[in-house]
Structure formats: structure tokens, C-alpha cells
């Protein structure tokens, strides 16, 4: 993903992105149950690198499985710099998918961040790695207490949204939103203007303008806004 | 609502209010799933101005609907100064009912605060407006991604509690509690004394008095408390 | 519980404890839905003193019941110094099991802390007592609005885990973990070494060592680690 | 609703209706959690007459409230012949909205049927009235144990779907589907043909034709189907 | 429990019982999530014999535990003839509390029936024993896959209701209802008359009498009903 | 799978299979939320052929997608005779994964049955095909209203259990159980004896033998059972 695209999307809130995508007919692009692990994480932008878990089975999900060729370790070594790891943990809240060691290695490899509908473990250690993380909380038990890792770079479900490898993820204080790869250009074309428009409307509200006719804009307001844009 | 009533209720915790109402047979007056959006919001007191949503229907819940005569915009323009907007969002957690623009307008109109069993969107912008809010979290998508607005000043459900227009809402760190309008005078008569009593009991606990006989008070303790009250 | 045991366990994270117990076949030892009531609470260690609630029944769960011989008040007076009160609130989130007065008395009696799958009431007052608490949130209503207290020092369920009197509880930022009393010695023997091992692995990750072969360790890594341990 | 419309819709399954509506962009028209109360109820078709409940409040939801002007009794007396009563019970499963007496009166008034996301009470009595019912089960307690009735012929939520008065309801073994009033003519124009097409495809499957190219139809299959239709 | 009491309660529906108890202020007496295991089971009446489970712990919940002194087997041998076993399974739906062998033994001992908020296993075998059962479904795994049995004749939670030993249970097609032992006489005094009254109202509805004034009865209707009762 | 294996497993209940697997340390092998679609379906045995869905995305889950190379149609054409299709529908209950046409084609191809944690659509049509089905209910909407099909013969989650291609599925009135392929021989060696043993215990219960010592068997009972087995 080129740095210009990243730059543009770093300036667009996930709230605005969902509005732009809704106008294109996509209502289900916000990943439920994933929040910033710490306040003040800056907006995260990047292509999805997917990870997939199924439920634990006592014969498969064991500490020994961590050395298997299909393991979270192998997946991490396959992650390219700048990607966002997106993990389908099926919303399981009582087994932490990663702890400090795996997060430290991801940070070392230049992974941009981690997004999951599951939880992390070893909160103190994970925060210490500095990796930006969106998740649904913290739990002490290891992934194998509840989950079996089965593969990477496959289509997944995360927070009730279908994520395919290389879809674009944007995450901020409002959570994480998916932009389907095929819609990226259209979103880049419209989203920044939407941001400018809403900022101008806020200045109108500050002036005491009532909402009807202002938001959404009627013809008179559109004309005033056009004048403002020309004047910039 | 007169300022004296507001003043009295600002001095009573929601915990105490639920105890007073329980003694009158009301067990279901605490709105589930609504919390202060930021720490340290001061206690909020005011009459309820209700808002009602139903689920989204693709033919109705569209950005175009925001200009309809029955819209959240029109409802906001109808809110009197000092009211608390109470929104029945059916506990939907994946569509934010309001963002920065609508909250800014509510603040401008002198609305005292907003209480909902749903979520807000555009967290940073909403916090910037300074409007006191109790809600169940944050989500990027707009209300129309999951909800259809259908009216205001009707009876609603909010957090599992029936709220009628002009019932009284008190909200603090423990969440939001409803006082039925018809019970307001009785609550005003009893709640402040309950607060004094519990504060005195805390001083007794600090002195090392064991709980049985102290809380609830037996006759001996009641006598000591009466003496304390006379001595004030 | 002797102070040496407490001292050892204060140096072991709950994440490590779950790994040690998983290797012994115990997957279900982490109490769901209980978190530190405030950030930065230090790790809590102690034997469980259990409390049990059933649902409220209007003829039983009344303010009057607080003076009954089987009451939370009587239970608190029976708690030994250094114990951790573990309350089975059946995950009820709309009735606070304890408020400031009961927490103050527990602190006064030297109770080490409180762990529950339910919620507290009167957040400000409870925080003021300084009692370390792990719970699932805050609600204004009193316990009798949703719960009937039925006894203490019985086997209970808490957060989906069976807790027997005198099982050991350890709680930190990752939540609360149970060590069955019969497994305590085995855990004490293994857990500290596990902590050292994981700390050493983190230094290897910092050096840029990839995960496969490192975590879990293959024979070459084990040799390097053995050398490190000898050199200490 | 004229009898010709009813006749056409009685010949179309709810499964087919959802497919027709999906092609028009409506994904959320199937009412969750409502099933036929007895096997073999014939397909039900009619305009919605809506009923709305909020949660119980001990000061409002009492047996005495049954005599209030805003009561389920008054609502039933307002129901026109041939309508389908659609009750928003907020999915409450532990308070039966109606028992034998109210159902008997609805049957007496010629109400076509009842659809709710809540439950009925007095199963034996209700079945005895013969009223066709789609609901989410049975519970002994009366509505006032969990619900407060607040009005009729308002927009409601039922099973996660927004229902407006005079929307059309069709219910069969697959549950209940809403047709927005404004889309009725379009649905009537397309649905019967869809039924014929799927029936023909079934005969092809019976002949052993594989699915790719058959369902959905490719051009060759479309030609064969066109020939079949001409030949009818 | 004497046979006259059983006889009276066999003639009263659980729907009527909940109404009688509601008028005494008890709203929470219906056990959620428990239904007849087969259609047409006749109404069940008897005193509760309680059983209590906590979650499974791998070191406790094993097939070996079935031979422990505190086991479901020992509990069954302690059940008196005519009692109703009421099992608190914490609503666990993926571990069957009893199968054919234990049910056969209960039937052999003259236990009147079994009520639980959990599930049974070995459906075919259990039905073969003829024991009347109210439960929340069927699951193949044994209790120890999810539950640890901890005792009998203690206060329990079942389906969200507090059940004490010797409270009275009545179960029919509408589910199971608890009558607190202390309220039995009051219920026996009022419930049969309530049944007669509702039956008479049904005959009025059959005659075409509208609901307002009839149900609940106004003074004119009460007079007509009094005349009917005198005439009997 | 050879017919002898099928024959043996057709004689073993899923309840017995879970007990045998529990003794080998596997607690999580029963698929939650899947039941026989009609009463009296005979026990189903076969190797799993897996199907995987993710959530719907409006740009992907469309009727047009049914003609894609990665579609449920293509998957069905790849199913071998005698397999059991096991579909991971993520427990979605408001979109039916298959209707009559797809089930008819599966029956035509000799598929032994279908097991899913999701629901079917077009109940009447599906029952008409005669395909044995275990599912979690019925819903009118098509799969694309809630699900996107992404592949077959991959590891999946179904009802909270990890299922790999060619694991063995056994389904009866108690639901569906998974036997990991690697454990099949061990299960075949033990399960039939377990069935004989439990049947003999039932005859003992019929004779009036109390449970302690009988189930589980103490040494004296084991001797009697050994004598019975020798005598056969």
C-alpha cells in the first residue's frame, strides 16, 4: 500500500468511512467488539493479513502445537512490513490469542498493528511492546485453552465482518472499519471531501444554525458551502 | 423542573435513590448498559425527553431520511432547555445514534445531557462538544446502518426500564436511574435523610463497629443515631 | 497461607499460572467477567472465602433481610484476615453486591480483597475504602434488587469456575485465576522457572531472533537457555 | 386488503418473498424468533395491526392496568377483521403477552392471526381458541410480570424488523416476513413467477441435472425454461 | 405434602398460579428455560428436592467422581417418594445432567418428576423410563463434561428463580412455577376460585361480550358473575 | 469409510461416544445447537465434508454470487457419496444455508446427511427431499442475506467444535458428535462394550438395585457383570 494512500486515510475518521461506504450500499463494514487497547492510539491504516482460529480440541490445542508448521509463530514470520494482522478469534473472550513474546516479534518485523475480535493476554507485557492493538479485552489463559490456530491469509470473519486478505483496515477511537480492496479508489475520491463538509457544518452549528436544512444540507446551505469552498 | 429540586437531587447518589425506590416496591428503575462516556462527569439531573428508534429497514433508514420531518434533527429542535434526552436504541451496539454535529447542537440548545442504551459515534468529536453523555460505548457506523428513528416524547424502553416523558432522570458514576414523575415528592422527602444516615454509619465503621446491629440499625444504634442528629 | 507462598505467587503473573495449570490438564481456572475496579491495583494473592447468592425473590430479598442471621453482614464478620472474598453473583450485572459500608468493614477486618463475577454499587464510596476489588462493573441498585444471599464457605461458581473454600486466588491486570488447593505445591515448584524462561525469551526476541525454534524452544535454544541459567 | 392479493400471496412461500425482496435491496424483513405455535398452520396473509410493549414498571404494570383506556383490551376492540396483530414484546420470553381469553376475543372479532417476538401464556387454552399464532414459545406469567402495554398502531420493532401499521405480513412454516406497503405491487408482480421457476428447477434436479448452470440459470437453461413456459 | 393439596393444585394451571402470586407481590416465580420433555405430560405437583451443580473442573468433574459420597447417585438415594427433584444446572446446555440409568432409578424410588434449567442426555433412554421431566433440551455429553455436582437440599437457583427445599413446584405445558412454602395456604385459598372465574369469562367471550368491563370485571359484570356462582 | 465401521457406529449412541471420548481427555466433541430436523431420523454415520461461511458483505453475498466458482453449488458437486456435509454457519439463525433445490441435489448425489450450526430455509421443501438433516431451526431468508460462502474441505468451527475434513460424525436424537479421525480405532474398540455394560446396568436398576456401587461399578458389581458377560 503506497504511502500517499496511507496518508489520505490517516486523515479520515472511521465514522466518515462508514458513511461513505453506506452510500455505496455497504452497511456491515465495522468490526464489532474491538477497541483500542490503550487510549490515544493514533489512527491505524494498512492492508489486512488474516489469521484464523477454530475452537480448541484437547487433542490439537496444546502447548506442543505451538511448534507445528501451521502455528501462530509461522504466520508471524510470514507477515510483511506495514500490514495489519487481523485475527478471527470467533469472539472468544476467555483465551488470549497473543502475549508479550508474539507481540514483541510482530513489532520487530514492522507489523503496523493487530486487530482482533478476541482478547490479549499478559496485558502489562503486551503494552510494553508498543504494538498498536485493537481487541476486546484481556484474559490470562493462553490461546490453546480455547482456540486452535488453523491458517493465515484466508477469508475470515472478524467481529461479524467478512475480511479477505488485502482488504484495507482503518482503526481509530471508534473501532476498526474494513474497506473492500475493490472500493478503495472510490473511497479515496470521496472521503476527504466528506470530512471537509462535516467540519464546515460544525462551524455552522457553533454559529447557532439549527439542524434542519443544515445537516443534511438543503439547496440554500449547499450554495453557502460552495461559496465557502471556493473562498478557500 | 425547579432549581431547588435539581439542587436536592444533585446531592443524592443513584445508589441511594434505588434504595429509596426499592422500599416503595420499585425494583426496575436502573437503566442497564449506560455508563458515563468520560470519567468525572458530575451528577446529572433533569426531566426525560424521550427519543425512539426501531431497527433499520433499507427502504427507510438512509442518509436521505435525515431530512424527513420525523428525524433526529427535528426532535433536537423540539428539546427544551434543561431536559435530558433519553434515547431508546434497543441496546444496539453497532450503530452510533449521534455524532459530533448533533451533540454540538444539543449543547447549543441547553440540553442538560444525553442518556442512551445505545452507542455514540465519532468519539473524539462528541467529547469535544462537552455534552454530558451516558451511553454503552462507541461505534463508527451512523444510526441508519442499524436503526430507524420513529418519534419523540413517547413512552420508551431504555436499558430495560420503561421511561415516560417527564419522568426524572438522575445519572452519576453508578449509571442512570429513573424516578417516576408521580413519586418525585416522596423521593425528595426521604432521600436526603438516607444519605445522612449512611454517612453516619460510615463513620461508625471507621471507628471499628461491626456490621450486625449497625447496618441495618437495631434499636440501640437508632438511639445513638438519633442523638447524633439532635446534636447537629 | 504463609507469607513465603504469598511472596512467591506475587511474583508470578496470572498468564503464567494458567499455562502451568494447562500443562496439568486444567483449562478452566480463569474467572470470566471480573476485572480490576481501578488501574494499577497490585497483584492480589490469598485463600478464597466464598459467598453465595441466588436470584431475588420478593418475599426474601428485602432490606429487612439484611438483619437476618444468614446475611452478607454475618458473612463479613466471619472472614479471617488475609482471605480473599469470592462472591458468586451468578454474573448478575444490574444489582451491586456491596457498597461503601460493607467494603469499609471488610477493609477494617484485614480482608485482602474481593473478587466477584457480579458488580459493585456506589463506585465513588467503594473506591474510597481502598479495598482491592475485581468485579464486572458498577450498578446503582442494592443486591436485594436482584439477588438473595444464601450462605458462605460453600462450593460456588464464579465466572464459570468452580471455587471451593481455601482454593488459592491470584488476581492481576489479566483477571483472577484459581489454583486448586491440592495443586498449590506443584504450581509453586514450576511457576517461577516459567517466568524466568519467558523473560529470557523476550530478550532473545529483542535481539531479533525469529519465533520458530525459540518459542517453544527447540534443543539448540534449550542449550543456550541452560547456559544462560548456569551463568546467572 | 383485497381478496385477490391475499390469494396470490397465499401461494407464495416466505422463502420466495425474502428472495424477491433481497433483489430489491431489503435484507432485513424476516422476523426473528417467531414460529408457528402448532405444526400445520396454513400460510397467513394480512395487513399488520401493531401493538407495543415496554418493560414492566411495578407502579404501572399491574393487574389493575388491564382496565386502563390504554390497554391490550382496548387495542383488541380496535382491530379490524382480517388484520394480523403484530406485537412488539421486545423478545421477552418470561411473560406471556396474551392467554386464552384475549385470543378468544380476537378470534371472535375475525382477526386473521397474531405474530409476536414474545410468548403466549396458558398454552392449552390458547390452542383451544383456534387463533393462528406465530410466537417464540410459552410462559406462565402474565404480561404485567415483565411488560407494560403502551399503545397500538404505531411503528414497532418485532424480531429485529421495523413494522409500520398496514405493512403486509406473510407467515408460514419458515416464520413471518414483512412486505413494506410501498413495495406490495412490485412483489405481487414478481413473486409468483419466481415460484414457478423454482418448481421447474426442482424437476430438473429430479432428472439429475447438476447445479452449476441450472441454479442460477445460465443462458442455455434460461432458453430451456422459456420453452417450458411457452409450452404451458 | 398431603394428597388433598396435590389434588387441588392439579386442578390449577401454572398461568393462574402466577397471577395469584403476582397479586401478592411475587413476579419472579416462573422457572425460565424448562419445558415438558414430551407433549401431553400431565400437570406435576410436589415439594422440591434440590440438587446443585457448579462448573466442571478437570480435577473434580471426572467419571471417577460418580463414586464419591457427594454424588448425584447418593442424592437420588436420599429422595423421598413424591418429591420433585429440582436441579440447578446453571442453564448449561451442553452437558446432560442425567441419562437413562439415573432417571430409571428415580422412577423406581417413586420420585414424582424432575425439573431443571439444564438438559438431559440419552433422550431415547430417558423417555423410556417414563419419568416426567421438565428440562431445556438434550445433549449427548455427560454432566462431568461441563458440571461438578456439589450437594443437595440446599437453596439453589433454577431458571432464574430461588428455590429452597420444600418449596412447592407445579409444572405443566406452560412450564414450572414455584410456590414459596410459606404462601401455600394463601394460594390454595384463592387459586381455585380464580380458575372458575376465568372459565366463566371464557363463556362470556364465546357469547360475544367485548373485553372492556368483562376482563377485568367491572361492577356490573361482578354482579352477573356473583349471580352465576349463586346459581351453581 | 468402510461399511463395517459404519455398522458398528450405527449401534452406539452419541451419549456413549462422548463418555468414551471424555475418558481419553476430549470434553469438547458435541456440536452445540444442532438437532434433528424431524423426529425419528435414524442414527447418521459418516466422514465430514466441510463447508465454510463468513458474514455477509453486500458487495459479495448476492444472488449473483451463486454462479461463482467458489459457491455452495460447486461444493455440492464435489461431495462424495456417503459423506456428511458439515457446514460452519457461525451459528447464524436468520439466514437459511440451503433450501429444497440444494438439498434435493445432495440427496441425488448420495450424500448421507447434512449437519450445521445454522438453519435451513423452505422447511416444507427441504423435508420433501428426504435428506437427513441436523440443524438449529428454520428461517426464510437465503444464505446471502447473512452469510458469504468461502470454501470447502477446510478446518471449520461447527457448534463450538473444531471439525477437520474426514473426521467422523455420528448424529442421533442427542445431536451430533465428532470422532477425531486419529481416534476412530480406539473408539471402535471400546464403545460397543460400553453400550453392553450400560444396558446390563439398566436391567439391574429395573431389579431395584440402588445406584451406589452399581453405577459406576464397584468390585462386587464388576464380578457380577463379568459373570453375566461370560454367560452370554
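So that you can tell them apart, the chains are marked A, B, C, D, E and F in the order they are listed, and the count of residues begins at 1 in each.
What we mean here is this: contacts are C-beta pairs under 8 Å (C-beta built on N, C-alpha and C of every residue); 3 or more make two chains touch, one makes a residue touch a chain.
Nothing here was measured: the structure is a model prediction, and the numbers come from that model.
Chains that touch both subunit A and subunit C are the following: B. In this structure subunit D contacts its sequence twin subunit E using mostly different residue numbers, the overlap staying below half.
Taking the mean of the C-alpha atoms as each chain's centre, subunit B and subunit F sit 49 Å apart.
Between subunit A and subunit B, the centres computed from C-alpha atoms are 32 Å apart. Across the assembly, subunit E contributes residues 25, 27-29, 56, 160 that each touch 2 or more other chains. Of all possible chain pairs, those that touch are A-B, A-C, A-F, B-C, B-D, C-E, D-E, D-F, E-F. Chain contact summary for the complex, subunit F toward subunit D: residues 56, 58, 63-64, 66-67, 71, 73-74, 76-77, 93-94, 96, 99-102, 104-105, 108, 121-125, 137-142, 144-146.
By the touch criterion stated above, subunit A contacts subunit F in their complex at residues 25-29, 54-61, 90, 148, 150-151, 154-157, 160-163, 180, 182-183. Across the interface of their complex, subunit C is touched by residues 13-15, 17-19, 22-23, 27, 29-30, 32, 35, 160, 173-175, 177, 198, 201-202, 205-206, 208, 210-212, 215-216, 218 of subunit B.
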